[in-house]
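Scrolling down, you'll hit the structures one after another.
Here chain A shows up in two complexes: once beside chain B, once beside chain C.
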Partner chain A sequence: MKDLIANFYELWGGGYLGGFSDQMFNNDLYFPVALYSIIVALAITIIYYYILDRPNTANMKVWMLALLIGAIINAVVAFVSANNDLVEIFASIGEEVPNSFSYDMLMFAFINAIWTLILMFVLSIILKWKSPNSSYIPF
Partner chain B sequence: MKVIFLKYPLLIFIGILVFSSCKRDKENEDVDQKILVDGADKTDSIKLNKGIVKIYFENTLSMDGYINGNTSFKDVFRELLVAVDNENKIDLETEFYLINNELTPTNFGVENTKISEELTPQSTAGKGNKNSSNFEEILNTILQKQDENVISIIMADFIYSPKGESNTISALNKLRTYTKDAFLKATEQNKTLETKIFSFKSDFKGVYYDINDKSIQGINNRPYYYFIIAPTGLMTVFTNEIAPQLKKTKDYRNEAFFTTSDYNPISTEILSSTANKGRLRVRDGNLEVVSYPGEENLKFIGLIDFSEIPVDDKYLMDKGNYSLSNPEFSIKEVGSKKGKNIHFEGQPIKKINTNDLVSIINKKFTHAIYFEAEGIVSENLKFALRKKMPSWVQNSHSDDDRQIYNDSLEQSKTFGLRYLIEGVSGAYLQIGNDEYFNVTIPIK
Partner chain C sequence: MSKLYVFGIGGTGARVLKSLSFLLATGVKCNSTSVVPILIDPDAANSDVNQTVDILKLYESIRSKLTFNRETSNQFFKTDISPLNPDFRINIQDSKKKFKEFIDYQSLDKKNKSLVSLLFSEKNLNADLEEGFKGNPNMGSVVLNQFTTSKDFEVFASSFAQGDRIFIISSIFGGTGAAGFPLLLKNIRSASPTLNNHSHLQTAPIGAVSVLPYFGVKKDDESDIEKSTFISKTKAALRYYEHGVNDSVNSMYYLGDKLVKDYDNHEGGVEQKNDGHFVELAAALAVLDFANETDLSTNKIKEFGIENESQNLTFNDLGDKTKSDILKPLSKYYFFRSYLENALVENLNSDFAIRLDIKEQFLNEDFYQKLKKLNKHLWDWLNQMSTNQRGFAPFTLNPENDLFDNIKGLKPHKSIFGINGLKNYERITAGLNKTAKKMNTSESTEDRFMEVFFDTTEKLMAAKYKL
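Showing the complex of A and B:
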């Protein structure tokens, strides 16, 4: 499971970010971010199809806005979570988080946002059928 | 407020999630995270509570020069007696013997810590035949008396005396074979029996007897040796509690260790971000080469914990004592890890990258090995520390000591030493394996 999640975030080696990726993997920091991201994606999709669901929200613009919100939230979750945990970990040995990690955290947040978009798209396909007004969104 | 909840449930939910993510503490916050200080936290697995230290002094004419007046030999001997007397881990009793063709127990009528002061050519005269120095017999006699609660310490110059043998090489081969035989018998009876050899030098005020038994005067410094033979538990006590006192003395030179034990498994960690050439990914002990450096060879550092291996640091630091089963790899350097730094001899101190420091939290490492790989790596990295005779033995060995008076280098050597120690080493290698440990690092 640990390797599987790491592979998603490191894009099977293509998105490996050196020391940052090592720390995320070695300290099991990928898992909580993945869990939060799945919950957020699932929650926003459910809210879109079954709570917000109105005739005037059943269009591509609002659906895409929901996806964008999900992606932004999960990008923030990824950045903040990684940053907080890494600051703590490095503080425990009396060191600061290396400067290069700031860029790596942004990359990690971006990758998490992309996976959120993909996940929300898949969830939309699965969940849309029973929606009273939005069952034809996105198609 | 109620209106906000109804109108913006999504925003509130998101807010809670983000807030909790920001505040989340690390699960293992209560774990005391620290970098272990090198050499600290040694576990003591000694179960013995009583032991006997039998100290044997080779009572021959060639040893008189070491005990004539105040010599460095006596200083070290005094340190030994005091260290044994003050050993608190277990209750150690000291017995002192003069050994040649006879075994003479004595304490010269004084308390143990004062024996060194009483040890003189005069006080040892008339105790057995001082012309006799048959090491095969001496070792055999001592090994026969080697019980499970005994640490035997033999103090001797270990200069082999061919006693009229016309063929010196044949005589030396005989020494090796009989020594091996004595140790084989002893280690077959007790497989935990280990042997350490310490080399010292001392000022010398006496007569040197060369290969032809010709007496030579005017040699002022000579090496001598302590052979320590004990079962593992007692050897650990000796190594940790007594040996450091001897190694602190100014005339200590070298050490060798022989055992049938191995020390697997041993803790290792590849550093992915410290002084490496090429990009590495280390996952659960597996090494993956993400990319190779342009024109240079792949290089990286592996940390290793040698704290449980009772081998001299000089031996550990000699890269010639390691074997690599994958010919693509070689060892560039062996260094020591001190705190957050790595010291390779003759090179600037390398600071361990903070990223790697985090990876080794709560892990203990004492040394570092700098590996180099030529070309694309196709096999796992396998390396081992071999049980070899240390190189100092060959450097301290002499085949012919007749020119000793004029040759200062020869004065620091011991005739026949290599054959004697080869005998010891051969016995241990025959019974045990030939590696202290071996490590495999899987490479993807």
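Showing the complex of A and C:
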């Protein structure tokens, strides 16, 4: 499971970020980010299709806005979660987080946002059918 | 399968048939499976008559694309309107002559000419029959007495079957209707043995509405039509009807109103185009009352009344029976028409439209275009009735507020949450989406289209007004 989640974030080696990726994997920091991200994506998709759902929201613009919100929230979650955990880990050994990790955290946040978009698209396809007004969104 | 043959005589007859068509379009209950409208008016150019023919043709064409069976919940256009002939009119023979030519005045001897001069004025004799009888029933009674020999009347007799009913609409204060009604009644009750089904005709259940004066005409010295004669003509005719008509019909309806509004004085032709009036709507309700009547064993004379004396009537001013008959169907159709006019195009990407395959192409097809035309006529009629005197204005017709606030006298149920928290056309779209999900998509697009709007407006009436 740990390997699987790491593969998603490291893009099967294509997105491996050296020391940052090692720290994330060794300290098992990918899992909570993935879990929060799935919960956020699921919650926003359900809210779009079943709670906010009304004829005026049943269009591509609002749907894409929902996806964008999900992606931004999860990018922030990834960045903040990784930053907080790494600061704590490095502090415990009396060191500071390396400066190069700032760029790596942004990359990690970006990758998490992209996975969120893909996940929300898949969830949309699964959840849309029973929506009262949006069962043909995105198609 | 019982048919209701509805004769509309003269301009008032045509306008009542117009009102009847609109009531049937909205789904007001009619127990006859088919209504056969027959217009009688020698005035070929009469705008009121021609407009009614247009509306009847539109109705017939729209109805022909719809299917009605046990599973159909849609009641819009439920009652079939079928024509006796393509233009819904009985053609009056020799009506393109002057009256004196029609009665062959020149060949009369001196004594008969003197008698004719006693009965008809010089103006009567020189009147062109193509322009109608211009408020002269003495002319009408001569000319219309021969329509029973017309081909159209023979077709009517041939198609008449046991169980069918006949209804005659006429005004009592004009020319064509006042003359035509007693003649038509007499010719049906004593149908010639040469006609097919003459025995069925003689014993047929017949209802009739005689419309007493309900509007006036402006003074015009050039015109033969004079408002001041309306009441005297009415009194004379009523005296005759008391013994010559009332006993020959199963149900006789009398309607009238104060002479509140004076229309422009047109003797006939293209300029005779009176605005829709509540009395015509009430007369159309008399037709439906007769169609739905189960006991026709005794002769009945009926009058129509309203609950509250008001110059601008709303649903709450009507009697309970009338209110329950028309409030819901008219209101549902009001929402239907408003949505089509103001919201449908923008909602072709909505759930219901995609699910039911209602696309832009459908809006360009003959069915929808004709529905749009009929709706325009209906809207004009509602507008005219609302500004006429006495007015009937149950809806706000140019709304700027929430659509559901527009049935005057009804307070819509409002909510903050759920589907009832939505306003205006968005609420209707949400209802359409919900209804469409449960619909049978194997029906034709036209059937699906009408069904989804009928069912949705039905639920809206329940949710918003507890009706």
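Keep this in mind: the second predicted complex is superposed on the first by the 139 of 139 C-alpha atoms of A that agree within 3 Å, B and C clash if a C-alpha of one lies under 4 Å from a C-alpha of the other, contacts with A are read in each partner's own complex, and residues count from 1 in each chain.
We adopt the following convention: a contact is a pair of C-beta atoms (placed from the backbone, for glycine too) under 8 Å apart; a residue touches a chain by one contact, two chains touch by 3 or more.
Just so it is clear, the model here is predicted, and its values are computed rather than measured.
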item: Combined model on chain A: chain C and chain B, fit or clash; value: fit
item: Partner chain(s) touched by A:Gly19 [first = chain B, second = chain C, both, neither]; value: first
item: Which of chain B and chain C A:Asp3 touches, first, second, both or neither; value: first
item: Touched partner set for A:Asn56, first chain B, second chain C, both or neither; value: second
item: Which superposed partner A:Ser135 touches (first chain B, second chain C, both, neither); value: second
item: Which superposed partner A:Ile89 touches (first chain B, second chain C, both, neither); value: first
item: Per-residue contact with chain A, leading partner among chain C and chain B; value: B
item: Minimal inter-chain CA distance - chain C and chain B, angstrom; value: 9
item: Overlap of chain C and chain B interfaces on chain A (superposed complexes); value: none
item: List of chain B residues in touch with chain A within their complex; value: 9-10, 13-14, 17-18, 21-22, 24-26, 29, 33-35, 272-273, 279, 281-283, 288, 290, 353-359, 361
item: Chain C partner contacts - residues on chain A that touch it in the complex; value: 54-56, 58-59, 132-136
item: Interfacial residue positions of chain C with respect to chain A in the complex; value: 347, 349-351, 354-355, 419, 422, 426, 429-430, 433-434, 437
item: Of chain A, residues touching chain B in the complex; value: 3, 6, 13, 16, 18-19, 21-23, 25-27, 32, 36, 39-40, 43-44, 47, 51-52, 69, 73, 76-77, 80-81, 84-85, 88-90, 92-93, 95-96, 98
